[in-house]
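Order of writing sets the chain letters: A, B, C and D. Residues in each chain are counted from 1.
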Amino acid sequence: MNRLEVNLPGLTMKNPIMPASGCFGFGKEYAKVYDLSVLGAIAIKATTVEPRFGNPTPRVAETNAGMLNAIGLQNPGLEGVIKNELPALERYQIPIVANIAGTTVEDYVHVARELSKHPLVSVLELNISCPNVKEGGIQFGTQAKVAHELTKQVKEVSKKPVYVKLSPNVSDIVEMAVAVEEAGADGLSMINTLLGMRIDLKTRKPILANKTGGLSGPAVKPVAIRMIYEVSQKVSIPIIGMGGIMCAEDVIEMMLAGASCVAVGTANFVDPFVCPMIIEQLPALLDRMGVEKITDIIGGSWK
Amino acid sequence: MNRLEVNLPGLTMKNPIMPASGCFGFGKEYAKVYDLSVLGAIAIKATTVEPRFGNPTPRVAETNAGMLNAIGLQNPGLEGVIKNELPALERYQIPIVANIAGTTVEDYVHVARELSKHPLVSVLELNISCPNVKEGGIQFGTQAKVAHELTKQVKEVSKKPVYVKLSPNVSDIVEMAVAVEEAGADGLSMINTLLGMRIDLKTRKPILANKTGGLSGPAVKPVAIRMIYEVSQKVSIPIIGMGGIMCAEDVIEMMLAGASCVAVGTANFVDPFVCPMIIEQLPALLDRMGVEKITDIIGGSWK
Amino acid sequence: MKKELVKVVSQKKIARDIFQLVVKGDVVQMMTSPGQFVHLKVSDGYHPILRRPISIGDVDLEKNELTMLYRKEGIGTALLSEKKPGDVVDLLGPLGNGFGVNDLKKGQTALLVGGGIGVPPLYYLGKELKKRGIRIISVLGFQSAADCFYEEKFAEFSEVYVSTVDGSKGTKGFVTDVILQNSFDYDMLYSCGPTPMLKAIETNIQPEKGYFSLEERMGCGVGACFACVCHVKNGEPFDYVKICSNGPVFPIGEVEL
Amino acid sequence: MKKELVKVVSQKKIARDIFQLVVKGDVVQMMTSPGQFVHLKVSDGYHPILRRPISIGDVDLEKNELTMLYRKEGIGTALLSEKKPGDVVDLLGPLGNGFGVNDLKKGQTALLVGGGIGVPPLYYLGKELKKRGIRIISVLGFQSAADCFYEEKFAEFSEVYVSTVDGSKGTKGFVTDVILQNSFDYDMLYSCGPTPMLKAIETNIQPEKGYFSLEERMGCGVGACFACVCHVKNGEPFDYVKICSNGPVFPIGEVEL
């Protein structure tokens, strides 16, 4: 028996650890650092229809126990991802979570249809924190109806299970989660980054060229835990938990809150070996807690 | 000329520093630590109609660069505050910000009417993060219409300027701010705490007896800065900024974002002398920045 | 109360996870009431962000030295245990109200009951009571022999009884077992330890007079944040005391455990 | 690339806010390409959370020692400046691609142009070029005399010219003034310094061949986060290079400054 194994729709993972989308590129950089086949899965950087350069630099800033980023979805576009990025991941024989983004429903549908056909893509992860240009810049991720509709349309074309990645910048996260579950989502990813800003005292201007950015890292973990705790009690689809995971203890805390597996983002920048390190440490931690299989603790804080 | 002086409706402050509501009791504890008359103002703990015990303990938990609290609005009630708490503050000759809370509109209106009559109360600060019992537990602070209506009714009875303290747990902070400005608010306080949770690995349960709590401290500062930056450009009433202020540099950053003065919360627990220390350090910092009057930097990041 | 950067004089492990830390500073002159505590900032940064309450274990007013005894529990006490002689620690204190040391007359008997890391404040208390000519019996409870500490120090001023849960030292069982078995004669009971122990004392021993010292997670430590309240016996539902500023020591029977 | 806890050998202030830090570790064996950098974790906790990119200033492969030169700028470098001999530093490296040291033939001339804290990587480069029999001219620009460092070290292998903005040492003005005034004869220009300086070189000096080393705020330092990109000259609008993994050194004319 593999006590770390977790099974989610479309994701058979030998352990509950995957790098988070946008924090691991398309894998090839970290592939030079360690053997990626130890990972439970990999979530690759958001893919859009066309190649994008993203925002001007500076694109990162630091905060207390966290960081802000405003990369702006830089990526080589659907074609580039399929041609140049995905093939290199085959050798690791682990599930691939393809994060997709867009500015119109049509964008999402197109990328979803194409990427979900790819044999190496295990599931789609819908990044709904992007502004919907057609609806006047409101975010797909902050209005339940809009998120519901988007999910439904993506589900209709996707050959693979669809996870919706929720934005924490909402008044009612449960409402959002229920709306996308009702639209047919197979799972949830939460949380994406919190909107934040830092101002430089010398220049007196925002540090990020984009002004605002997404806050990630340990600072946001309590918000992630709270949201996962609330949502996991109200939906019956599994949650990929993320937000500030730095060590094995954080993984357990998030799974106790209700996540079925986790994604590690910012921590990769602090320590490129963090994912294999956590995977290695988990069994001893389970022993100390007297837990046999890691799946036994999912939602343990409220079950 | 006093280069630290700031003037807001109802608040003539010799410097822009006040302790934040709930983090300074009714002043008497810190009065033993230093002379409160050095402060720009004091925001006292939320007052409700009746005395309240609040939530069961534990009521605080720690997070990376932050803390969670679930005090539950413990306070001696309107009568108790007027009789036993306010009189002791007279001797300091500084403005008093009376934070008020309730679970129905009637509660707020009653406390507002009575407290605003008190000669020592300079302004009211409406804490709208409490659940509205009548409307089924939704928060006054997460629905623009509800917040608008509450503000309007409080304004009708208040003899003093009314500041509305916004919750950051919303999809659209600008919408909330504009809604209360249109209802006649004289100013805004932002931000209240972010909803969060911590789970204890040993007990496998939430640390707080109340399960969720409000996140404060340096962890939330980037969220506060972002919201103040966005809101200050869209309203014409002043903002009392708060969220993670620990030092003089943080004060400047928040005022550059658009706050007209600031409140210091969690930092008091870390260092009871933090408010006088910041006040003392501000002039030298202004010198280094080549700023004459502190009011010159308000909104400097976007003006 | 004062805030001071006190200097570490010595740090010693004296039992399983139990450390004895001696610091030096002018603020020690104010620490004359056993049962009070200090609030320590153990890191330079904000992780952890809050101070840690630690009891005054012993005081040497001539040398300006404070002794603290603590258990390495979580991140805060782990960081504290890394402090070396010469390092400084940011100390706020003394805080709260201590035990009534003048309630007994010369020749009367005090029963000190300490559980685990509740033992420290009773040591300074015992020394002060001794000075006043009070006879002292000490009952110290631990998990097992490896966790025991300060037995010989308490022997300096009292008859000492030890209990361990696993029976590896002294009486097998709890402090209440020791007290019931020995049917001590005493005028006042002073106790500090985990709440279940205090509850057991209240229920099974029913002391007529005495003091309990309580613990709760704290924010400010000075009475301003309402983190550490507890209900008052026979009070209104909204009546309360703050453990940090009204306590941590309360007359037995005053607060709900 | 490797992650290693390297040991501080020495730390010395060598000019206003400029420190020279020598560390020792096996990873140094991998540092054979001047212009590469290392990524340092300067705190144990998460403030600051990100690593700090610092250039390889010099390498002693026999002693396994790496020399870094840095300016105390903000919180990260301030923490770094507190490290003492014997302390360890978490180092990730070497990262990125260095200068082409084999582009010149023996007897040809290299012009090294360094501005402020852009000087360090040129030192290791100069030493390596010297080994290959290249003639070297160095132009080092600083704010003022108090900020100058390593002039005498560069003199070990090159003709050195210094400029200061306030004229307190060497030529008054910028590195470009020195170059224009002296109309040096050189085959290759190697430069590292603030972007405005590189731009001025590109515009006013228009070197035919050479390398620029660029800086940008970084996240991962290994090419995974897309924090440090810049546009490519004459490329599509979405074409880019990453400064951390494709750079930090680029052939002049390849990227948009």
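By definition in this document, a residue touches a chain if its C-beta (ideal position, glycine included) is under 8 Å from a C-beta of that chain, and two chains touch if they have at least 3 such contacts.
Bear in mind the structure is a predicted one, so any value in this text is a computation, not a measurement.
A.B. asks: Looking at the contacts, which chains touch subunit B and subunit D alike?
C.D. replies: Joint contacts, listed by label: A, C.
A.B. asks: Could you tell me which pair, B-C or A-C, is linked by more C-beta pairs in contact?
C.D. replies: Pair with the higher count of C-beta contacts: B-C.
A.B. asks: Find the chain most remote from subunit A, comparing centres computed as mean CA coordinates.
C.D. replies: Most remote chain from subunit A, centroid-wise, comes out as C.
A.B. asks: How many angstrom between the C-alpha centroids of subunit C and subunit A?
C.D. replies: Inter-chain centre distance comes to 47 Å.
A.B. asks: If you average the CA atoms of subunit A and of subunit B, how far apart do the two points sit, in angstrom?
C.D. replies: Comparing mean C-alpha positions, subunit B is 34 Å from subunit A.
A.B. asks: Between subunit A and subunit D, what is the gap in Å from one C-alpha centre to the other?
C.D. replies: Result: the chain centres lie 36 Å from each other.
A.B. asks: Mark out which residues of subunit C touch at least two other chains, giving numbers and ranges.
C.D. replies: Residue numbers touching two or more other chains: 45-47.
A.B. asks: Going by the touch rule set out above, which residues of subunit B reach two or more other chains?
C.D. replies: 64-66, 218
A.B. asks: How would one label the connectivity among the chains shown: line, ring, star, complete, or other?
C.D. replies: Shape = complete; every chain linked to every other.
A.B. asks: Can you tell me which positions in subunit A touch subunit D when the two form their complex?
C.D. replies: For this pair, the touching residues of subunit A are 22-25, 29-30, 32-33, 45, 50-54, 57-62, 64-67, 69, 71, 74, 76-77, 217-218, 246, 266, 268-273.
A.B. asks: Flag every residue of subunit B that touches subunit A in the complex, lowest number first.
C.D. replies: The touching residues are 63-66, 68, 142-143, 169-172, 194-199, 201, 204-206, 211-212, 215, 218-223, 225-226, 229-230, 244, 249, 252-253, 256-257, 289, 297, 300-301.
A.B. asks: Flag every residue of subunit D that touches subunit A in the complex, lowest number first.
C.D. replies: For subunit D paired with subunit A, touching residues are 1, 3, 41, 45-51, 92, 216-231, 236-240, 245.
A.B. asks: Mind listing the subunit D positions that touch subunit B in their complex?
C.D. replies: Residues 46-47.
A.B. asks: What does subunit B use to touch subunit D in their complex?
C.D. replies: 64-65, 218
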